[in-house]
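After this come two complexes, each holding subunit A, first together with subunit B and then together with subunit C.
On to the complex of A and B.
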């Protein structure tokens, strides 16, 4: 077995172990609240898979979280900790909706323009954090996090102010023209043609790290010094990376706007930003790992909601499991950092 | 010298990940003697001594100190029975004073109050006794590398070490410093201390050691009492298992026209201290210019300026007479200026990348490995196989991580990459530091080969032997200034004097 397959196997094994540990601990918690963990998880699985409509919902959830997880994973490979997918998603859906509502050009053109505007909004919003890092050395963790807040309050302002649907009191904009809605695939289920975009992006991601750009992004993650030494313009690559990363969130925002919500509303991002971060890390930034992790989360999120409806167990269990996975991911990374170093040191001498 | 053994290590075996780092090694240290422990990197010298110092526990074997069987479970235990060790990398807290560093490792004699003054005075007395010339109140960062080393030794003796283990102590010293360092060691021997000198430098063994033990591949291959009959070649054969080429032939061709010209370069280092002052040097085609100097005298900054990693504040660089000052690293790469950086682990290699990809990090843009924006793995594999065979890189396959290679193989990997870029200029900074004899010989041979094919080489090294072996001309740097240029075959003592900043009349 060569180094590569060995590493992949270890990573996959680690990921599965982490999910199991989180589920077991979550189960213990359910037990402590006086419920049966088996019943709870059973309800979760039934809630996710028991009808075609529910399976359709799994894919509906999968689209944004997988896209955004791909996006942040690109930045993470470069050691750029973009946790601003949420903000980039929000800005993109604002841009998409604004184009759809206010720019009075033929629908097909408007559709394309909204696509461009969405991706640009996501890319530029992430690029802002990249710029601040290059120009002032501002840590992107902090800036992207703050940009998240700015984006969500900006959205709140818009849907309660200038963009609010005049016909209601709800915090939401009017619907975009119906002719711009994504076509649904099967009957009245919410699954829409965005799934094909996801498919295309997934295929693209399978090759991304083999591209010359992918190699360069990867190399700056290995250290700025070695990247500079290798002739790479680190600042420019940081910028590119952040913008690509943001464009993924932008794409997710565009799809969510025209596929599901058909408008912007308060809380449109539904915590997708944080979830995508967890997915990327749980999948060890590996494309296949991320796909598997995203599927797991899709089940967890959809199933969790119906678990709450069908049993006494509150949805918070899902949040607990999420939290546990974060802790386990961090623990694993610490171990992974430490183990090879020890054996490396001992080999010398 | 009496014949009583202060240290007896019998049948020591230590296994790391299934590999025997020490295999049934016997080691005896006589009282009041200096004992050389000779071997290549990876021969198990440091492992053996780390066992003696309690950092590792042996799997098999016994240790007797002064005839008494001891179980040395930790360095604390080792110190308590009079064993002190000075590591290759100093373990000093840089912002603290000498005295404070010493006090870190021991209990105050004044209860909750610190015994700073008392300790300081005692250190001063000890330093005077051995002519170490250390002011206990100076801060570590103010001291030169040589002084820091003396502080380490002073600390060990102060802690009561009767048995002193020194791991490659002279690697950082100039010839003059080495000479006075040896004087100190002799005096300690006089005082009844027993000293173990870990080294792979044969000259040192010849000049100071009473007895030598040679390790190879974890096994003890010989023990000799040093006298006039023991030659460098004997030792070398024991250490390497075959004869080694010490003298490389000079170039067959005369150096050509000036290729790379450094003109009045000045720059500050990262701390804002002047690192280079008005430094000028010409390098010709087909010539190796050796730049000798103690570490930290501006060599690193110079190499960085020559390769675009650091902008010069004033002065110019000319390549073939054309101004190329302060361009991007990529520009210099495109101009065929190759760079073997001093720090191979953080600058020269992406340690968490595999070997084959490390070979192409300078060609990730448009280049021979890119087809329509994608890196062609097949070409990368072929390139790896070629490099592996040409440069004798020992690795399982190209997918192994660079981190997992030994220092020598990491350096070969860098060489393979840098020399495959058809270098017109090669900037080699400490290319053999930390490498064993075989790997050093190999690297030096490759540098000569590049020179013979017309590359202009700047060889930066703190190792005078290397400079003397390879250089066609020898430039000496001290405190960021060019002290002088000497011809091939110059007297090492002259070079040493310049390295310490003593400007004198030199014949160019």
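On to the complex of A and C.
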């Protein structure tokens, strides 16, 4: 077993331990609410796996969260803390729906245009934060967070105003033309052809860090000095990174619009922004780690929703588990980074 | 539009500005300590949320607003202890640690609310602090209404501005904070315990943030919702950068945001033709603009966001 596999194995083991600790702490919280933790987790597992329809839901959930986690992981690798995936997702679904509803061109062309508009909306919205950082030194954590709020108010404005479905009082737009819906794969289950897009992107991601753009993004993550010495235009790469990162959220928004919602509505992003951040960090920004983490989260989210329906346990337990996982992961990463450093110094001394 | 721009409009606008500046000024003042010590605590948002929920529960359970306020402060300190541990002891990346703190807080806060209050049709409510009219000054026309007819927490917050300035500029504690933020190695060689000063600075910041959160639930909205902080923590961080880490400038920065929020509320109340959702964007847009203006010029502490270790050089 070489050094790299050994490290990966230790890393994976550490991640599983973190998840277990978070689940145990979550179990204690469930106990505090006066319920049995075993029953709660049992309900969660049954809710996730007990029927083909539920398994289909797992994949439905996996599509947006895995795509967005890939997207933010690219930015994080470059030490660009894009926490704006949520806003980028919202802007993209607005763009997708607007093209589908208001641009009267043949459906196939409209479909392609909506795809381009979605990716562009996500990329440009993230690119705006990249531009503000490059040009003015504005901290991207704060700008992307503010852009999230702005995007959700913009969505609320649209679905209660100009884009509201005239036939209802609900905060939602009319449905997009039915011929634009993604085809479903198995009978009436919600699983749709978007899963193939996810598959294609996942395969692409396996090679991303070996590509020249991936290499450059990785280098600016090592520090501006390193990248500059390597002859990389840092500002340009910051823009590229942010825009690629945003385009992933854009793609997720496009798929969610035509695959699941078929319209825009208030709250369409469903906390995907935070979740994608947790998944990316839990997976140590590694492609395979992210895939595994996203699968775990898909079970946690789908199972958590049915746990709330079947037992007295509130869904917020799931939110707490998410939060615990991220704090534990942050603490773990530091251990991993610290230990070799210490031994290195000792050797020297 | 012309008809609403009368004197009553401006008086209530500016009074609202002072009131709404408070929940931004409080955490911002606290973050001045933290950031001057070299720690960027982006977890203020989450810390405020913990202060908001614990303050609200404290006030609800005991029916004593001051006890609730104290609960908020304590909750802020305890919660920020996690941030201090992650960023100082574990030397974690402060940006990730802050984001993680906010995610955990949003889960914890809604869980605690559910645990204490269960599911109810109407949200739990409390009776808030009465507004306290300052004698003589409060009677001055217009000026009195704008500045001297608020609840006591508003006055206390504004009194903290000179106190914060004094502590940072005129006491040894303030000097130590600046020393560990500028040059921790030199501070260490002078016998200052870097970790201890940084821990205390994060805790002070947490206390202020917890107080700011409690202000929202027990002295402003009088109820708790998951969105009660709504980005105020991030706004406070950008106010600190906008103010170049100076308390007095932070006060003006917070008032600017108070003005934006108050303007948004006033315009909505007057039913101006602008949809409310677009007006609600105003404070967030202003935060971005403020960062754009200030980030290039602000002089950051030299050891900003850099963990300190004796072993490395």
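Structural remarks
Quick note on the criterion: the second predicted complex is superposed on the first by the 348 of 349 C-alpha atoms of A that agree within 3 Å, B and C clash if a C-alpha of one lies under 4 Å from a C-alpha of the other, contacts with A are read in each partner's own complex, and residues count from 1 in each chain.
What we mean here is this: contacts are C-beta pairs under 8 Å (C-beta built on N, C-alpha and C of every residue); 3 or more make two chains touch, one makes a residue touch a chain.
Bear in mind that the values here come from a model prediction, so they are computed numbers and not experimental data.
Contacts of A:223 after superposition: subunit B is touched, whereas subunit C is not reached.
When the shared chain is aligned, subunit C comes close enough to touch A:161, but subunit B does not. Once the two complexes are overlaid on the shared chain, A:28 sits clear of subunit B and of subunit C alike. Looking at the shared chain after the overlay, A:142 reaches subunit C, while subunit B stays out of its contact range. Measured by the number of subunit A residues touched, the leading partner among subunit B and subunit C is C.
Contacts of A:207 after superposition on the shared chain: subunit B is touched, whereas subunit C is not.
Applying the stated touch rule to the two superposed structures, the subunit B and subunit C interfaces on subunit A have no residue in common. Put simply, subunit A touches subunit B in their complex at residues 2-4, 207, 210-213, 215-216, 218-219, 222-223, 225-226, 228-233, 340, 343-344, 346-349.
Looking at the complex, you find that subunit B touches subunit A at residues 16-17, 19, 21, 42, 44-47, 50, 307, 309, 328-330, 333-334, 339, 341, 343, 346-354, 357, 361-362, 364-366, 370, 373-375, 377, 396-397, 399-401, 403-404. Across the complex, subunit A meets subunit C through its residues 29, 32-33, 81, 83, 132, 136-139, 141-143, 145-147, 149-150, 153-154, 156-157, 160-161, 274, 277-278, 281, 314, 316-324, 326-327, 329-331, 333-335, 338, 341-342, 345. For subunit C in complex with subunit A, the touching residues are 42, 82, 86, 90-93, 95-101, 103-108, 110-111, 114-115, 230-231, 234, 237-238, 241, 275, 277-278, 280-281, 284-285, 287-288, 291-293, 295-296, 311-312.
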